[in-house]
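Below, each structure is written out as structure tokens.
Next come two complexes built around chain A: one with chain B, the other with chain C.
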Partner chain A sequence: MRLPSRRVPTVAGALVVAALALAPWGLSPFLVQFLINLFMLAALAESWNIIGGFTGYASFGNVAFFGIGAYTTAVLLTAAAWPFALALPAGGLLAMAFAGLIGMPILRLKGHYFAIATLGVAETMREIVYNLKITGGGTGLTMPITRSPLPFFYLMLAILVAATLVNWWLSASRFGYGLIAIREDEDAAMAMGINTALYKTAAFALSGAFAGLVGGVFAYWITFIDPEGVFRVIVTIQMIIMAVFGGMGTVVGPLLGALVLASVSELLSTQLVSLAELFNGLIVILVVLFMPKGLAEVISKREFSLKKLARNLREYGV
Partner chain B sequence: MLALQVLINGILLGGLYGLMALGMSLIWGVMNIVNIAHGALIMLGAYVTFWLFTLWGWDPFVSLPATIALLFVYGYCLQRFLLNLIVRAQLFLTLLITFGVEVVMVNLVRIFWSSDLRQVTPTYAGANFAVGAITIPYVRLWVFVTTAILSVLFLLVLEKTRLGRAIRATSEELRAARLTGIPVAHIYAVTFGLGAALAGAAGGLWGMLFPITPIMGGALTLKSFVVAVLGGLGTMMGAIVGGLVLGLAESFTATYLGPTYPNAISFGLLVLILILRPTGIVGRRA
Partner chain C sequence: MALIEARGVTKRFGGLAAVSEVSFDLQDGEILGLIGPNGSGKTTLVNVISGALPYSGGEVRFQGDSLRGLPPYAIGRLGVSRTFQIVKPFRNLTVVENVMVGALFGAHGGARALAVARHRAEEVLDFVSLTHRAGAAADGLNVPERKRMELARALAMRPTVLFLDEVMAGLNPSEIDAAVALIKQIRDRGTTLVVIEHVMKAIRDLSDRILVLFHGEKLTEGPPREVLNNPDVVSAYLGRRYAEQSGA
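Entry: the complex of A and B
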């Protein structure tokens, strides 16, 4: 098998990043905010992709890591008066450590059990944050306002680039192949000498670290956080939709998914929040029905036909 | 004396959890779908009862058959025309599609009926009676009795009728069931309908005890799942036993540790049971 050339994606990627880095000078403040949101969603999708796409462990609770990052950063900024440059990495590290620790027991679960256990982690986290004093409980935390959106723009972009590079590295490295082997057949992977427990936990922690970093930037950008606004199930749903919509376990898939979802949500959310969420739900249903392998697959194979669709439905239906 | 009161509270609540989990366990056992929308079905049942009560003054216990029938039809159609299309796909996809159904249902309810807290309050809502030092609200007692009746009825249908045999046969071996002439697509839809009906009944009863909102379902899906796993997956008795265990656990911890961490308790129980006894309390080793 010939490995695909890496030169084309490298050059294309560098050009896109360079164009985006210059974007704030040419765009309206509204579009800059839109881009920050887009970077955030895309980075979350790439972060979910590490555990859900590559490793095949469908986490339904990654918002817990996002929330830990957001709250750690916020608490350190306000109560401990740390500089943001220290508070943000601390949030990422804590989210990573938490993901690693909680991952050790729950990554032993498979399929549905793992999915619901992660859902439970997120719900429990929300409850804990709601009841702690240091997090401001139900009232939330307010951070000092920063005038310029530029720091957030570049931070989100940097995290997105890092997350994408990690996914790219996973797609062609020993570690990444190990994760894919676990996804395809965990027992066989173990028999081949892969330390599956270590690999899975590392993937989960890596996923948690990026979600935590995004959460930290989000908290300072939005300047006010409360448990209901941070630990929203919809955030996890969005991560999953973007990854599945674009193509799980691919590098560009989550980016495509984020672009589509962010654009559509932006158009709809001017109307009504519920309407945007409703639309998210409909996308999930349609994607599962019509392109379970994602947009990236549809584009790269150039085979999206009604005949194939009918075959899929015959294969999966009763 | 307090301990006895707490014990009774736990059992009365546990019956309702058992009823919720029965539907979840049935759908999971027969079709291998973990229905994330289960909580949303409970929510819909609660709203149906609420509207029948508010608009036409139907007593929530009297309107229960109507709620059950409506939810059965809804569940039947959901499975027949949507979930049946992908019921044999990977676990992740079936899980994801019910997730999508949940989001759609919750937000439709939000758009049409708003996010306000609502409650079903018949005239006898506050009444209770005392046995010695123990107080028992009438509503809680009748809710418990109703859940017991419904659970027994359901188990009889599953064990003693032709339909129940067809459901169990389909659950055991899809292809063989089809070869013996069982209309599998129809049986799947009926199974989901029954699960939805049980969820709807639980929702109708829930609305008499607690406030209802469009987003009440998330935590209830988690609880139904925990209870189904606690008791032993696919065993119907397990769901009932698991319900009582969760009810008691919540009741005791709320009294002695404080009521602030109900979800953490469900979740802690889940992790504990998965580690200690993966087949559940009643379940057998596969």
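Entry: the complex of A and C
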């Protein structure tokens, strides 16, 4: 048996990235903005996938890292007058360090307890930012306006590509196998020689780094941030929905999930905002019932049937 | 010097001493049978030695170095591996991927490269006669296959000492004979073994020595013939009445 060939996905991926890189010249400003938003959501989904999909720790607080990245970049940009080229990596680094530090204690928790703890971390971060002077408190921070969307377009695309490559590396590396083993059975993973505490923390930090970078670009792109707008629980929920919908622990799953969700909610929100939110809820129900392993699995194995629905309903005791 | 020296190993859960002052030596290259009735502390002893549970007292030395206080992964890397009585497969991975994890980590950090680990995993699967299921999902294995995969994962770690916790439970007689032959081969390849088993025929055929636990304490220790005919062991296992009837 040979390892699966990586040539086909490499070529396909390179072609898609090349096409996207040329996209701003052929598309309307509206579609360019849509793509920036799509890249952002997809990058967040891929970043969540590292801890939630590969490692099996369902974080409900990844928006904390997004927010730390956004605020660090914004504060350095405005108060400290750093160039964006330095402020952005600083935001990513701080988010990574924070994820690593907070991860050490809370990654000892499992399942629901971990989920609730991460939710608490994100809520606490919002309150802290709300009460700090340097972050502008409740009034928020305003950044200088950049007229062209192109820097944001390429930065978001670059972060998305990097996050996807990291997920791809995880899917076929010693480190990635360690994370998957932790997800599947942590006691067995530990007995087999995996330093589970270190691996989980590293995965969380990596996840936090990407969320932080996305947050930094988001802040400068949107030019105004405040605690209510940045530390929104719904942002974490969206990361989870996109990863779950597309297929947790797969490389393309979060991309598919982001594409479908961003497109549909964009279409629906032009009609009615609440309709878009309804759609998110509907997606969760449909995924749980029809395809617990996500869209990627359905496409690759063509597993979609009423029989499966019946089986899933039985398993949930309906 | 013995490969493993256990001295006064004790594990208490509240007021209950699950393992009490157990001492034994494990010599390089031997197969030690570990027997005792249900609840006598066999699995708890393995859990303490492998780092899954903290000690209440005592110490275990491996090649002269204390294992007490080390986390399970560190003990695994030193070359002391174990299987789980209730097998813990990585359900969403294939059989060969399950075994690869053992090869990627395991003793001395294992193989760094995926291709090397896969090659090693395939060798081990061939050794335990599970090659035909290599690509199958671990979730779809039957009981004997699961036991073999559990064994294969531990072997892929290339351990110096391997604790097998009831790898024969649920197997039929011919499968047990195959497992006995397999375990002997593992020893012949240079791995020292501690075998926990309830199947007496297998224990008699396999063990160079047998250690008997009863209510967490070491009841006796010695060559199979001697230990299995010991009246105390017979009555611990089968009840006093059986011991009297059989005239042991």
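Just so we're on the same page, the second predicted complex is superposed on the first by the 311 of 318 C-alpha atoms of A that agree within 3 Å, B and C clash if a C-alpha of one lies under 4 Å from a C-alpha of the other, contacts with A are read in each partner's own complex, and residues count from 1 in each chain.
One rule holds for everything that comes next: a residue touches a chain if its C-beta (ideal position, glycine included) is under 8 Å from a C-beta of that chain, and two chains touch if they have at least 3 such contacts.
In this text the structure is predicted, and so the values were computed from the model without any measurement.
Engineer: Quick check on the superposed pair: does A:180 touch chain B, chain C, both, or neither? Answer first, second, both or neither.
Structural biologist: After superposition on chain A, A:180 lies in contact with chain C alone.
Engineer: I'd like to know which partner A:172 touches here: chain B for first, chain C for second, both or neither.
Structural biologist: second
Engineer: Kindly classify A:190 by the partners it touches after superposition: chain B alone (first), chain C alone (second), both, or neither?
Structural biologist: Touch status of A:190: second partner only.
Engineer: Mind telling me which of the two, chain B or chain C, contacts the most residues of chain A?
Structural biologist: Touching more residues of chain A than the other partner does is B.
Engineer: Using the touch definition from the top, say if A:163 reaches chain B (first), chain C (second), both or neither.
Structural biologist: neither
Engineer: Determine, under the contact definition given at the top, whether A:251 touches first (chain B), second (chain C), both, or neither.
Structural biologist: After superposing on A, A:251 lies clear of both chain B and chain C.
Engineer: Quick check for you: in the superposed arrangement, does A:288 touch first (chain B), second (chain C), both or neither?
Structural biologist: first
Engineer: After overlaying the two complexes on chain A, where does the chain B footprint on chain A coincide with the chain C footprint?
Structural biologist: none
Engineer: So in the complex, which bits of chain C are touching chain A?
Structural biologist: So the residues of chain C touching chain A come out as 50, 52, 71-74, 76-77, 81-82, 84, 88-93, 96-97, 100-102, 104-107, 109-110, 112-115, 117-118, 122, 134-135, 153-154, 157.
Engineer: Can you list the chain A residues touching chain B in their complex?
Structural biologist: Going through chain A, the ones touching chain B are 58, 60, 105-106, 109, 111-113, 115-117, 119-121, 123-124, 126-128, 130-131, 233-234, 237, 240, 244, 272, 274-275, 277-278, 280-285, 288-289, 292, 313, 315-318.
Engineer: Okay, in this complex, where on chain B does chain A touch?
Structural biologist: Chain B residues touching chain A: 28, 34, 82, 84-89, 91-93, 95-97, 99-104, 106-108, 110-111, 174, 184-185, 188, 218-219, 222, 225-226, 229, 260-264, 266-267, 270-271, 274-275.
Engineer: For the complex, give me every residue of chain A touching chain C.
Structural biologist: Answer in residue numbers: 1, 3, 172-174, 177-178, 180-181, 184-185, 187-197, 249.
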